[in-house]
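Both complexes below contain chain A, partnered by chain B and then by chain C.
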Partner chain A sequence: MNALSARKPVFAALAALFLLCGGTAFAQKAADRLLAYEAAISSGNPAAAVAFLKDREAFNLAAADDVKGPALLGKAEALKDLRDLLAMPWDKEKANKLNGALSIRIDADKPLAKVGVGPEPEKLLLWLEKYQPSYPRTKKAVVRTAIRQWEIVFGTMTDLREMSWDQAKTWQGRGVTVTKGSWGSMVLSERNAVIAQLMKQDQAFIIYNDQVLAAKKDSVALQASVDKVKSRLTPEQLAQLSGKPLADQAYLLGNFFDGGAAKGDSDLARIHAARDSLPKEVLPAQQRDLLGGMMGPAVSKELAGTKAGQKVLAFYAKEGPLRIEVRPLDGKYSAYDPATRTIVLNSETIQQYMRVKGYTADSVMRSPAQVAEIAKYMSPVVVYSSAHHMQDSWARKQGVYKPHVQEDEIEAMSLEGLYTSEKLRKDKVFRNIMASSRGFSSYATKRVDIATEFSASGSKRFAVTVRQRYFSGLPSLDAAASQVLGAVSDELARRSALSVQQRAQNDTVNLTLQEAMEMTPEELAGSAGEIRTDALAKIERDLSALGVYKSRYAAAERNSRKALKTIKTSASAKTAAPPAL
Partner chain B sequence: MKKLLSAVMLLGLCAGALSADGLPAAPAAAAGPKFKKYVMDHGYFSCTVPVTWSINREKDRDEDYKIFELQLLAPKSDKAPTSIFVSYYAAENEDFDGYEDFIDRNSTNALGESKSERENYEPVKKIKLWGRRAFELAREKLVFLHPETKSDESVQLKEKIYVLPAKAGFYVLHFSAEKPAFEESLPVFEKVAKSFKGKP
Partner chain C sequence: MRRILLVTFAAVAALTMGLKAQDVSFDSLYKDLPQPVAAAPAAAPVAAAPQGQAAPAAEREWLVLVFINGVNDLGILGFANKSINDMEKIGSTDRVAVVVEYGIMGQDGSDARNLQFQRGSKTIYVTRDNDTGRITSLPFYASNDGDMGSAANLVRFVKRAARRYPARHTAVVIWNHGAGRLGIAYDDVTKNHMEIDQLGRALGQVRQFLGRKLDIFATDACLMQMAGVAYEFKDSAEVVVGSEEVIPGDSYPYDAFLGPLAANPGMNAEQLGALMVDAYAAYYSGDNITLSALRTSALPGFVGRLNNWVEAVRADPKAFKAAASRAAAVATQNFSMKDSKDLYDYLGNVNDMLAKSPGVKAAGADLRDYIEGALIIKDSASPSLPNAHGLAIYIPALRYNSANYEKLLFSRDSLWDDFLREAMQARLDPNL
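Take a look at the complex of A and B:
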């Protein structure tokens, strides 16, 4: 492309200076502006990146170059995304979330590294000083914690750290030494791996992992409840608990206080909710399959009569039956399985409900009423996961590569929030189940929380909450696209130097389009060199036209917000009407 | 060379353009040295904002939703951000069916409760805000950070909201902070609110 290849360094530098100070209104030809954008973006200028993405004329001119265009677009999207990410309200308690968000953006194979932000994490600090000098000192301190700066993690008194690494024990003289110098050249994921090892040896390091920290707090709360309940036990029962790990003590206590005996007792409720199921409360594989089969029709009945539910039902009326599977899920209440196009519900969440209600596997199999009750209880997360099914189905029909991004979660959580808001107002039984289950189940409390947040915030601000509070570690669509585009365009540029025969020969052993389409942005960016050329070109085309994706997300958002606005509060649901003016 | 000189001259002219993005360069004299004046697009409202707080805008979405708002973020916060939203909800806005709807949906949880183990909503107060009719809402709530997973990590928020009806649409001034940080930044919110000027 002429515009990109015919460089005029002096003019480009000057024009870049204009962009830096916001002079985008300065009348130039598109080709000249493109030169200026290219120079400024290459030096990491976020204002230039934003201006370029808004300048349709220059953007289209860049896009005309199949090789350089996507690379420039990838860098620009990455810079805009980084600017937006850091503009969020990060505080010290969210440093781990910021760490997660930066880990997927700053690495050796990421577009940001090509504009000087990484792969060494400290380069982000230099970028901040240059382009966001007005950020408060506290925010910069959070960034230093998020990038795991040596001084923050290990202090200023030492330049090396001896540590064990799995079987390589320090005390056996086979430990690993990490120096300040080697730390400086590690990318974020490598630093996190070191810290994960340190956590195993020193509790002080668990502050760098929110999940480990939260699990520790839960464990402390469970221990306190177990200790309180022990005062009600006989000497024989106490003897059985003696010397047992906490999980075993909770299990035995569940046996001592069996059959939904937790009513009104918060300590027992915590123990019942946290313990493993007793044999009679466990749903064996065959009964889980049966329950899954019964849940599809039962949940469909629940969804009818709500706007969010109707949307889900309309989707399944076109796309086949709503298939539900009940099985253990790691850390989640529900999930959409794209391989089987099935919604999976966590059997442990259902078994917890059964434990507290005093239901057994046999009683559930014999009672349609108990199945309907469980369907009611789990229906909000079916709605949530069905939104992910809709997204997957859309991508398949469009034939486009679709990574999992924040926009997916905004859509899914909004639909769940809308559904739960509607049900709480319209369905007294649902309302009673959710209200009463909050005492023992954080699952139920979270469903009510999402409905409250969605209803009170409105659709617009709820999206901000999802991005900032719930899924800050997930890339936005722009970030994912830039990550993939950078790697793909580099690889295509490299291959353009190969002969046709060499390319064809390599492609015979490379991964197919179908395999590439199933990869995460991270996987795709990391393995672009092993993917067929036609597949890379297809994915590059997909992600260079983000308008297709954005239109779909915008349509889904419009749908939810219109439905939310029409929900009217019934007198029974509300207690605090505003006083008359 | 002529081109280069023209460019340098223009550079001087546009030097203040970025900093003036919605913000007059000079602080408003009456607001004191730590605040400056902010004027919302279309002149929907103006107020003073603390210079040390950062300002977030979503201009495209504002136009789409007909909700024009700025978010002010405190330089220092605890577990959750300390923030102030100043918002104008146009009559045809996409999220709320008038100020009564906003108050209704913000004065209880989704179950219609004003008190629960994790929330406490104060009764809605009818007030006068510098001669203008308004409502005051106050609440505390413990909110989950990962509601789609089994993690129960939460933060305790304390919030104060002023709702001001207008002839067309309504205004909302919303202050949110983690409980221990609330009192410290409340005077900032009150100063922003006191300087607020919206359409009748």
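Take a look at the complex of A and C:
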């Protein structure tokens, strides 16, 4: 059941106006409809928002007003985005993901707050009751957890929580108090900050952070593996481990069982994957430079002959060589660096693979076979990051403001999924590498998961997966546009009261268009007050025409799906999904 | 000692990062936390709507920019307010502009100490007042975003202030928790912080914007005066001021150096850097503190001499054994982050362990002389830290943190990372 079919109209007038599109109500003058849209959208009506966005005549009429038009568009996009977000299948396992998604949408000065959804998170519950009354109780319960309702977090027996905040300790009388009342006025990021502090004092609160939960689970598994492997040690080796923290123990075990790789031993594989690199396994700068240079041709060889790979290679044939750099990336597996137009691979991900395989920095430098193997292993994320390069290139050519949004990730992950699923079918060595790595590497697990999900699900379902599981904390295009438009239109309205001279004077110290174009939607929305008027107007124009962006995403989606169909129906493919690993 | 990395980092990040982070024992840093001596109440900041924006004023001698991230325990404890009030004791003049970007969380001042969030950040042109309990300088800009852990936000702040208050000399200070090579400016609400390489790139943008180096880049945050950290700023600032050890809650005594600067705005970067060190040492005469100012133009020469020392050690097995030994590391002055050790002291200890090895001894002595005579403009340490000489360096006990250290320019340009890897390889020998 989707959001629209689930919705029970509350107000008869609105129902007549927005749900009977094509009937007599719709035949009203555009100006009348616009007035009705404005009123309904201001009260948070998502159906009105969707209807307005589809009503070209009223939309164009609104757009004619430089100040009110973008503001209304921002609110409408925000409501549509919220409706779409909550229409996704949320269960209690995904409550923290939903929290991340809501945190970037429901906040002070966000467009949703202007239509009554926020900044206090509980206003979302009222909105749900009003506009989505038929949502099941389970989904509403997930929403209550996601917004960190006081009763969910602290229970119903107390209205007050005394707590330490790092060095502000309650026992010294300099801690702080949180009351149910103050909780009610906190936005989600503030509630999460409080919970993060409580996590340090009470393990029960770690259920509110998926990363911490996963790390805890990994740590328990690692401890079990370390304990098992200890039985194989000599007394001297055991003495070296004695009294050391788990990280040191894993590191020393890596040294004891070094060089021979894991060889099918799951405990050793887990230890090698989790531990720090031994000195000889670290890729220093000069070797990273060499490896990066070797990876370009090696990865290109991997990409050749695959649908997604051909697309990437065609792009680089036209737009310059595929340049790859290897360096630490703060937890990301790969990235596209727009400043240098280079794809960066995380040296730590490569070193993890080397540890499990028993490779050293020197052995990799000496062995074309090991370089080729690493290139094969990392090739999916080269495809993924190439998609970001293509997006950046498109935006430069179009000259439009290009926020980083979920749709970018859907496109990039689709291309990667297409590539990996084809490689899993056609390339036995690739399949074996991924199969043998999945047990210890979240990198390999994610690559295979993405391929499987892309191949097995339709485009809409895959998009939902990307939005929910992988990038819930990133705004959708609608959300980004709505937030920027809301802030920009407010600022332009404020400036319209200034004299031309005042505006010109302010613009001499404000941020330039180039500086604004490099900002994230969050930064832009927060900094609209210090951006030059012409830059604001340009960005407002860009984001008022989302069709330009959406048609690009849609074309990329069609291409990937078409290619997938070809792969599935090709003679070499016997199954619809990649082989089970 | 209060300006130390958060329990957030210790507990949450350690869990989330699993074994990828070195095990810095942050918890142990909290044991001796004193209460602030005269912390001002954490009054709610001035309500801030963007004010009418000033046109660029006539060029001053100095623009002092302080980026105060009090979105953490430091804000709650009143230290951020205290620092701004210290600046307001002096204020700006027609020759020196003091501009602050601040985000502060705190409590409402009631007996219950109800938690309060500021939301967003504010930029103030600091004006003089006699009220040490409230921030009275008016904001000329307020951002809803206000991520105080964002390097991009820092850059925007510098641009915002420098466009309005142009000056011949510019100093930038970051006020927050510091964790040396691991980063600075931890915002508890956004969960963001600045990695050192990020900060280096941000200051590179600042240099590009200004068309010249910053005159001073200072960290009013613990543990930041490390070779690998300072080197990241070598092309962005003339003078780097920071502390090898933790910085007490009261922070820099801003009035103690802004006052003399206002009286003598013609001082240059090195003079102001030295003044900051002296003022700090005078303010904290009884505490375990360090502060130093170093000359970034001397960093290439420093790296050259450090590389000479590494090459000499590599060529001398006995010297390498001594330099890589636990004994040399243990004997060296360390700070609250245990793998951060005083380089000058370490070189002396290695030399003391060597019977012969003239090449290594000469290289070590040369490097020590260069640190003392060319690199460090001024340094100060409490009598309780006699072996602190103004510059710390990363020397792990067992595991080399490649995910962090290999990101630094220092690892690319110096042989120190190579030495560390070789030393850590030697440490795997239980008999060493």
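The working rule: the second predicted complex is superposed on the first by the 532 of 581 C-alpha atoms of A that agree within 3 Å, B and C clash if a C-alpha of one lies under 4 Å from a C-alpha of the other, contacts with A are read in each partner's own complex, and residues count from 1 in each chain.
Please note the rule applied: a contact is a pair of C-beta atoms (placed from the backbone, for glycine too) under 8 Å apart; a residue touches a chain by one contact, two chains touch by 3 or more.
This is a predicted model, so every value here is computed, not measured.
Visitor: According to the stated criteria, A:L246 is in contact with first (chain B), second (chain C), both, or neither; which is it?
Guide: Second partner only.
Visitor: Look at A:P279 in the shared chain and tell me whether it touches chain B only, chain C only, both, or neither; answer first, second, both or neither.
Guide: Once the two structures are laid over each other on A, A:P279 reaches chain C alone.
Visitor: With both complexes overlaid on chain A, does A:D159 touch chain B (first), chain C (second), both or neither?
Guide: After superposition on chain A, A:D159 lies in contact with neither partner.
Visitor: One more residue to check, A:K565. First (chain B), second (chain C), both or neither?
Guide: The answer is first: A:K565 touches chain B but not chain C.
Visitor: If we overlay the two complexes on their shared chain A, which of chain B and chain C does A:D218 touch? Say first, second, both or neither.
Guide: So A:D218 meets both chain B and chain C here.
Visitor: Between chain B (first) and chain C (second), which does A:E57 come into contact with in this model arrangement: first, second, both, or neither?
Guide: neither
Visitor: Kindly classify A:T452 by the partners it touches after superposition: chain B alone (first), chain C alone (second), both, or neither?
Guide: After superposing on A, A:T452 lies in contact with chain B but is clear of chain C.
Visitor: Touch test for A:D227: chain B only (first), chain C only (second), both, or neither?
Guide: In the superposed model, A:D227 contacts neither chain B nor chain C.
Visitor: Do any residues of chain A touch both chain B and chain C, and if so, which are they?
Guide: Dual-contact residues (chain A): 211, 218, 331.
Visitor: Using the touch rule from the top, collect the residues of chain A that touch chain B in their complex.
Guide: Spelled out, the residues of chain A in touch with chain B are 10-11, 14-15, 17-18, 21-23, 25-26, 47, 87-94, 134-139, 210-211, 213-214, 217-218, 331-333, 381, 384, 409, 413, 420-421, 424, 431, 434-435, 438-439, 442-443, 445-453, 455-456, 458-461, 464, 468-470, 558, 561-562, 564-566, 569, 572-579, 581.
Visitor: In their complex, what parts of chain A are in touch with chain C?
Guide: Of all residues in chain A, those touching chain C are 108-109, 165-168, 172, 174-179, 182, 186-187, 189-190, 192-194, 196-197, 199-200, 206, 209, 211-212, 215-216, 218-219, 222, 236, 240, 245-248, 250-252, 255, 274-280, 282-285, 288, 327-328, 330-331, 347-348, 351, 487, 502, 505-506, 508-511, 515, 519, 522-523, 525-527, 529-530.
Visitor: Enumerate the contact residues on chain B facing chain A in the complex.
Guide: 3-4, 7-8, 10-11, 14-15, 17-18, 21, 52, 54, 56, 58, 61, 65, 67, 71, 73, 75-81, 83, 85, 94-97, 99-101, 103-114, 116-119, 121, 123-124, 126, 133, 135, 143-153, 155, 165
Visitor: Which bits of chain C are touching chain A when the two form their complex?
Guide: 2, 4, 6-8, 11-12, 15-20, 23, 30, 33, 35, 50, 52-56, 72-74, 76-77, 107, 112-117, 119-120, 141-147, 150, 152-153, 156, 159-160, 163-164, 188-191, 195, 398-404, 406-407, 411-412, 417-418, 421-422, 424-425, 428, 430
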